[in-house]
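Here come two complexes built around chain A, the first alongside chain B, the second alongside chain C.
For the complex of A and B:
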């Protein structure tokens, strides 16, 4: 690999601390590097800079030089070069670093400026913090505490604006709380490419609104709720459900598609309340699709599979079924890397053929890719499959018709949806592992209920061949067992001994798969780790271009030909 | 949008005056208001399509300027100055006189549809206060008597039609 060129570094002085930062960094980001907080509302690292909230005002100066000779002017008192401070505050977000830039973020002028801005912002802000969903994660609250003047001089009437506008199917707007930072407008325009939001009646009654007759209905609308620094934009689903400070945060992965957007799952007492994106500059920046935020609702669905029997009893029954004849294993692109590895072990113990079901849909060029399986590449890396899966199990169907397969083990895949007819399903004995009921679980001889992604630990390999881990947020329901335990017990019943806990499985993975050798579940960074993709470079993957992902040329060329 | 051919021609012409099409938003709105008398509800979509913008971008502009009217006005627009000099010289009384003559209230269309009476800010003729602008004609030293006379004139012309 070619080493990236070293970016031009610029040395700046922030509150007396010298730091070298890349050219083009703004003062807010530079200050962040020396752990200095520059409060801001409208600035967002992934959106354009408008500088309209004025909260990030700082004092700045440049080293003095003699205008005629360009010689540095020294300060006799300190013996250092004199600094010419600009007599007015400047906005930190819109000021890029330049060599020798000096910044003060704690001077009396800056303090005054912040107090002034806070006072103006609070003038028309309603005092409904006690019932506001943003309370606890509200920038206005935090910065009132940190940088406000502490008491109000305002005796006039506050503005009255619409309190509960439905901007779209998922977003509710409280205009009184809005501080007019325009992050949501810029997000809609720049990232979601759906420019429907804007300020009307600009002036003292500036009101955020959708164009009449239009809706903020795109699949990224809830990101506006995440980036809203106050409680103006709220999620209609999460509104008034739970105080955020009671919620436990667990890092997870969006399983909708092979993008693998990083997420945080917010839960309390075994119940998930919401899912929000987690910043990963190499995968999803700070965004995620709305569709991925509703996946947790399936956990409590009425068709969730559970069993009154113990796992051991179910596995014993499955072992009986295995004796009926040749076995085929249908693995899943929705299983974790570890589960796919154990699926491979199970298949080996049963001397079974393996297959995977592909799900191809429409990508949106942002954070939804064409491959609706989150972990097809995991199956390739673990060696569960050697070629890309197809959408229909035609080979398996032929083997069943020919009587070559008597038993099918399906890891969460609905065989009927994958092209097997009811007659074919009736010909074989099915062992089904899964979370939700479907035609296959109904036809199965043995159903082993397992856990969803929110109820277990594991890893996925996304479209970039980035190994990313997810953690258990909530316990699984009674009568459902961790997939790893089920697979290990089935493998044991088939005569192979494999570990069922994540740590031991990773030791096996590291030992057997060179690509995963130095990795353990524990030392995998939260932002993931890129695996070596060269062994799979020739495969015609289905994904098109998405955020931070360009399909490999070879794959794209093959796909174009096909 | 039901615009006159001449207006459509000026619209196409005015767009060429600017390096980016978006800059023509304001002139376009002016031309439409001149033609129709106000900005009908489909203006934003029409202008947005014309300038390759989103309708919300145009709505932001329309709602910012109080002089863009989103509702129809009377056949004539009577604009009475209420800035300091005119206010001191009886601009408010003049306005009330007009309201009484046409049985209307400022900001509304008179029942006969003939006029809309409005207060406006300085018309830059403080020496001859109070002044009134009826459509594009400036009338100076409009006291109550002159206001009545102007009203009668308008009513007479209306009858002739």
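For the complex of A and C:
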């Protein structure tokens, strides 16, 4: 492993605590490292700095030196170098550390400045927390509790602004709640590259709005809701649905594409209410696509597969089907690493060929990649497949036509969509494992309902070969069984004994796959772990460049040829 | 002591009979001769002259012009821009407007000399949106100067080329703040930039080093290039060199513009002798010496302290009338020379009502970026408006002061100071009037009292 170069460290003193931080760090981030909270609104670690909210004001000073000799001036009272404190407060977000910088975050000047800013922010704020969706996760609430005076001296009329502007298909704006921090404007411009938001009017009457004729409709619009420190921007979908403090947070992964954006699933009593991004500076920073936030809606779809039969009865029927002749197994790039491993075990027990279906679409160069399967690399790492999958199952079709395959086990893949004709499907007996109905499940002899990503634990390997885990947020529906149990039972029916619980599967994975040797599900960090990608360096992956990802040269060369 | 005579070096031809703003008239009066000589000199020499002159910026802050030029990043390899700040919007100030309307070529010549001295290839005149007439005059004057070879390609047959464009603002006071002006010139909303890192001298217009100078300052540069820095430094007083134009408005017999050597005339001489004193039967009550954001002075208050005269420290004990009109003296007594807009109020003025007017202006002009200024300026306006038009409370004075104290020093640009200083100083000096305003309101207004805005 190549150690990253050591950054230039600078020693600073924050509230009396010395700390060495990398050069270029600002005071807010440096203070975070010594567990000192510098309250702020407009500052966001992934956006440009504008310094307009004035909440992060701190008192700062530099060690005194004699202007002529550059010799340190000592303070006789303390015996230490004297500090020249700047008489006016400075913004923490726009102040980068320099050697010897001293910062006070609790001095009377800072306290007074924060109380002033808090009071100003609240005078024209509607204070409608009881009906505001942001309540419970509102910076204005938190910081007025922490740093405000606790009473109001404002007796004038508050400003009146538009209350429910539809900025786009997914975002609703309440201008009265807006504190004009401009985070959403900067996000749209700098990250989403869709510069549609701006302020009109001046001073306290400034109003956030879309440019005339424009809409905040890009696939990242809901990130503006996430970064809005107050309840001005709310999700049209989540609005008024649930108080956030009732919701359980579960770490998950966006399964739309091979980017593997880290997410948090917010649920209560078995029902998911929203999905938000989870910070991972190596994958998705603090963002995720809007499209990935709606995936949970499929859980309650009418075409969700369940079965009144027990899983054992279904497996027994499947075992009968297996006896009809040679078997082919179609695995899935949407299955977890563990499921792909058991799929491989099942295929081995059935002496079956294996295949995977690829899904290639458009990438957006940000957090949607061209590979719409979240876990093709997992299939490579587990050895389920040796080469990249193709979009059509032409080999399997030929085998069926030639009569070499009589039974097909499909793990969630619609074979019709993967290029098999109705005639070909009619020639074989199909065992289908999956969550939702399709042409293949309709044609199947046995359908084994399984769980979605929100209903189980597991791991994916994203385009960077980063192994990332997701956890169960809600229980699965009655009549659907965990994929691992189904696969293990099928394998057992085919004569192979494999474990079906995650811990045991990981012991097998660690034993059989050197790349995964030291890892267990439990010790896998929440931000994932990079696997050794060199065995697969020659493969022509389909992904183009996205945030924190540059395709390897092999892939690029193939793309250039195409 | 009698007031000294005016010394008009910038306003030499303003309101002169027969003097017109076309190039022919300007050249007849010796115009562009200084530029002709300047382009034969070394640019560094010209910068040195300006440094020696001690010229301080006339936009309001009084920052030394030579120092400003010295801060420009000349090693970056990027082009250097010069912007003429003609966004004269400070209430009470009307000097740049006269220069642009009546003597635009003086500004163009000063601009070209400054451009040549700083190797600027492109200059912009950012003129206030409310001065369409001035913009048209400048456009015409620049076209004349371009045709005559004073502006544009290969000026006066040299290899040096520099063009000037006029850019009209859209009517925002904040565009007078140099980084707000730059944002506006770039086509954006005029939100002033944070400093650091965006010092205009390094990262200004289009992220290139940029000089922003006031209209009057550049006219002074022309004078300095003509007569030399040392000769200029002899005008006025040490550290307050040259002349100052005072725009006197309000309750005096003869309001108008007056140009004097800096520091050679006192407030009393200016108001009583030059401007003819108060209106008949009235008494001076207060004066704002440097545009409406400067702190107000109350007639009758005394200022005591020590000041430097030559090498010695001398005690002073001044009334408002005794204060010399220069940056340092006005700074010493807690206000500022600012842009030279002297606003006079006599005993017919109620200070609560005057402040309500000023607050209305500043709350309307805050760009809305920084929380303290955005919310504070409107809150102060709402309080003073309520006091005047609604119910005034005894505790409003204390509240106003407290709100104002939460603003200055905590914002990106100096607008925080500009909007809070009036309130702070009005309350500090006329606190009684604010306290008694609920009573004052009960009595009928005197006949002929001014209509409230």
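The rule is simple: the second predicted complex is superposed on the first by the 559 of 562 C-alpha atoms of A that agree within 3 Å, B and C clash if a C-alpha of one lies under 4 Å from a C-alpha of the other, contacts with A are read in each partner's own complex, and residues count from 1 in each chain.
The working rule: contacts are C-beta pairs under 8 Å (C-beta built on N, C-alpha and C of every residue); 3 or more make two chains touch, one makes a residue touch a chain.
Computed from a predicted model, the values in this text were never measured in an experiment.
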item	value
First (chain B), second (chain C), both or neither touched by A:156	second
Touching partner for A:210 - first (chain B), second (chain C), both, neither	first
Partner chain(s) touched by A:195 [first = chain B, second = chain C, both, neither]	first
Larger contact residue set on chain A - chain B or chain C	C
First, second, both or neither for A:49, with chain B first and chain C second	second
Set of chain A residues, in rising order, touched by both chain B and chain C	198-199, 201-203
Residues on chain C engaged by chain A in the complex (per definition of touch)	172, 189, 191, 194, 196, 363-372, 374-379, 382-383, 386, 399, 402, 406-407, 409-412
For the chain B and chain A complex, residues of the former touching the latter	44, 54-57, 59-60, 63-64
Parts of chain A lying in touch with chain C, wherever the complex brings them together	49-55, 57, 88-89, 91, 94, 112-113, 116-117, 119-121, 123-124, 153-154, 156-157, 159, 179-180, 198-199, 201-206
Complex interface listing, chain A residues touching chain B	195-203, 210-212, 214
